[in-house]
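Both of the next two complexes hold subunit A, though its partner changes from subunit B to subunit C.
Presenting the complex of A and B:
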């Protein structure tokens, strides 16, 4: 168990492709840390650089205070679970789990014992003599986890371990994995492109884009207070509304209409400044009749979400999404008015997409 | 799912193909039938010379010299025309047993040595990073086009310097050299199709290249190894030229012994038919022992699983 520290870490591929771009990050001991981002953002490269499968171009990787940048993967005392599990097809489950211990030269009894303990922990006890091809996807995934668990490493690295599971199994595996990590207390870095997975499992999340970290924070911070439009757009099962507008006194003019500017950012913006008005569909209120300080539009799409519906309004070429509770769904072509919830509006700079004003109410005020 | 065994996924591919045929619509089923008939006809056509050889091997010398083998089919139940004389003559020949042993002494090491060396080379070409790797590989594969015959004189000189000419190691080395390009090519292509994450996983566990090679890559490459083993064994077993040139005449292999049998003018060729069938037995045993890997190994890496 150990803290992971990345200092000025870069990974540059031939052709000056900066997959990881001078990155500084500290992951404290015992933490479940998620690297989140769209494909090609460098998250897997970063994980592989921590593992040592890719050599860092610049900077340092430190595990438990020790500089491991120049060490081969096998000397870093970590375990990695791959997206495709990387099970050895010609070995039984127990041999698969015991393989890292065999490599480390542990005696046979110890190997067997550790493997069956890890197997029990992951409810594989009846399957120990089977081959990977005779297991279901979920079982294979647990074998891969057991292999990581059995050698009691300082660090777990997970490369999208849930993406090959079907939706229901993935939900089960999520809570299972989180529980397992808490029990073992091993520092864990988890790569995923699924923001819901990261929000559900991680203690902290780093959202990455183009080799850089765009925001680091707890799931709540990242969800409620994305610090730039990239993160705002990426996090959330329904993307945040990001409406371009212009500041005009106490209001923001959007598509010829006006929405109130949150009081706490009034000092941070100037009249005529171009901003992006950000509000999650869940935090907007739909009204079928005219209300003050609202945005008016025509209903063009109604998507059923089960307990609610996602309604899209068109207003002069702009689309605004808002969730409407069950039973109150409007008809297509209806007129609708949308109002904001105080404290749930984020204003981003129109030029660089960064969050304006840092004094928005605390993230925990749910 | 790439994580399933190479073997496993191939097995399921077989299964998928089987269900495919069963569930295929009628038009396609007719097509499949037509293909099968054509394949069957081709196989029969291909078998005709072998059948002729087999029939001839059971006929007497006069019969072989005076009429074609197909004439037996006019009265197949006339047992007086069948004889085991040819077989007993060939097997009664003292040298034949020695020739069999010699052939095995040549063929087994000449199969195992190139496979071992090529497997190491293929592993390096696939999983190790070093400068000039791809160029070296292309040169290696390019050697496939070098004809055997042009290498004989320099090879004889080289082996002569080491005093190896006429010995078994000379034939082993010659066959190893000639078999290597194809072996490396087949094995590297197969290994490149193995999931990379498996090797990386072993790397994270701290496994050395040597351990990765023996505990993971070799067991997972069995189909390709078997396919190449069959190729190489058949080639070496049937080879006459290399054995003639690099082995002394006191160590005849089966092919050269058969050649001695038929006489200088080919007047004894009825014996050749029986001899050929006797010599086929060993390759047949090898083929059937390894055949379940054979097709699988040949198509390895050509289809993405």
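Presenting the complex of A and C:
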């Protein structure tokens, strides 16, 4: 069990590609930490640099207070689960799980005992003599986890551990993985490009883009108060509405219409300032008849989400998405009015995309 | 074909015979007959020498014609009387197994490093080696090779033959094996490295077992190549008791100077058995399959 500390960490590839750009981050002991970002944002490179599979160009990696930047991966006392699981095809499950102990030179009896214990923990007891090719995807993933568990490391690193499972299995594996991590209490860093996965599993999330961390916070913070338009756009299964507008007194003018400016940011903006008005579709209210302080548009798309529908309105070239509870879906071509929920509107600076007025209490509701 | 022709009749009587094959036109029937006749001729053409090899050693009066033999084992007794015959087969085994071990060991090391370490011009190097390798054991290089082995004091030495043959076969072996190593996902090795395995442990525990079918292929291919090689042992070995079977066979003539068919056919049969046995064994033991442990 150990804290991970990254100090001014950079990884530069030939051709001056900065995959990780002078990054500072502290992951406390026992935490389940997610690195989230679009592909190519440097999250996997960062994980591999922590593992020691990539050498850091600058900066330090510290695990448990000890500088491990110059140590080879095998000396860092961590275990990594790869996206393709990397189970050795010629070894049985029990040999696969016991492999880290074999490298450490443990006697055969001890190895098998530790492997069966780890296998039992991940309900693999009936499969110990099989080969990886004879297992399903979910079983292979559990073998890879058991192999990581068996060597009792201080740190777990997971590289997209769920991306090779089908959708139903992924949901099961999510809660399973979270439970396992809590039981073992091992500091865990996992990489994912799936924001829903990160929100569901992690204690804290770092959203990355172009080698830099754009926001670090709990899933709630990152979901409810994304600190810039990049994070706002990336987090959430339906993307946040980001509407360009201009401040005019107590309102924001958007596409020739007006929406109220949240009271808490009125001091932080000036009249005529260009801003981005951010509101999640879930936090907008659709009305089929005219209501005050609303945005009017024409229904162009209705997507069924199961318990709700995602309705897209067109207003003077702008699209606004709003969720509508089941049974209340409008028809295509209908007129609709959208109002905001107080406390759920975020105003971003039009120039740099940063959140305006950050002194608002983060969450008022669940 | 005749049964097919008979079916339409029964069909018209009952009217509900399910889906019989459609009747062939006369043109198709003739085509089929012609095709099978051709196949039969081609098969016979290739089968005759094999049948000759199987029957002549047991024939009392061997000729070049294929005939039903007057069964006898005298030819085998005559062959055993030749003091070099069995020894030459042992020599063939020593040379081919020795070369195969050397080639497999070095090709595995070289293929692994060439596959994993990026050096500029690596592919060019491999292609150049491959092209030049045919020269090493080829006729053109025999004089310099003879001189070199003479300087090294390796004339009339089995080690010398093994070294020259290994040198000639290694480039192609490395080339083939590198393809096998290239198919091993890097994550296998990275995973082992994270668990603390050294490069040599990775090679021994993971790379070698995973490419075992490739190693078996290279081993068999080397043995077959050495087994059939005449020129190199012929030039480098002086003593008859060190010569392999392929070289010894040229001495099986009668006093009159005509080939001794009894000895040649019997010896050829014994000469081919080890290779066939080896192929069957390797195919059974290693097969040519890849287990796969990557979900993609």
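Everything that follows uses one rule, which is that the second predicted complex is superposed on the first by the 362 of 366 C-alpha atoms of A that agree within 3 Å, B and C clash if a C-alpha of one lies under 4 Å from a C-alpha of the other, contacts with A are read in each partner's own complex, and residues count from 1 in each chain.
In this text, a contact is a pair of C-beta atoms (placed from the backbone, for glycine too) under 8 Å apart; a residue touches a chain by one contact, two chains touch by 3 or more.
Nothing here was measured: the structure is a model prediction, and the numbers come from that model.
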Subunit A as common anchor, with subunit B and subunit C clashing or fitting: clash
Which of subunit B and subunit C A:182 touches, first, second, both or neither: neither
Contacts of A:89 with subunit B and subunit C, given as first, second, both or neither: both
Partner chain in contact with A:151 - subunit B first, subunit C second, else both or neither: both
Partner chain(s) touched by A:133 [first = subunit B, second = subunit C, both, neither]: both
Common ground on subunit A, meaning residues reached by subunit C in one complex and by subunit B in the other: 51-53, 72-75, 78-80, 82-90, 99-100, 103-104, 131-133, 137, 140, 151, 164
Touching residues (chain side subunit B, partner subunit A) in the complex: 1-9, 11-12, 195, 197-198, 200-207, 211, 215-216, 219-220
Sites on subunit A touched by subunit B in the complex: 51-53, 72-75, 78-80, 82-90, 99-100, 103-104, 131-133, 137, 140, 151, 157, 164
Interface residues, subunit C side, partner subunit A - complex: 185, 187-188, 190-197, 201, 205-206, 209-210, 212, 290-296
Complex contact set, residues of subunit A against subunit C: 51-53, 72-75, 78-80, 82-91, 99-100, 102-104, 131-133, 137, 140, 151, 164
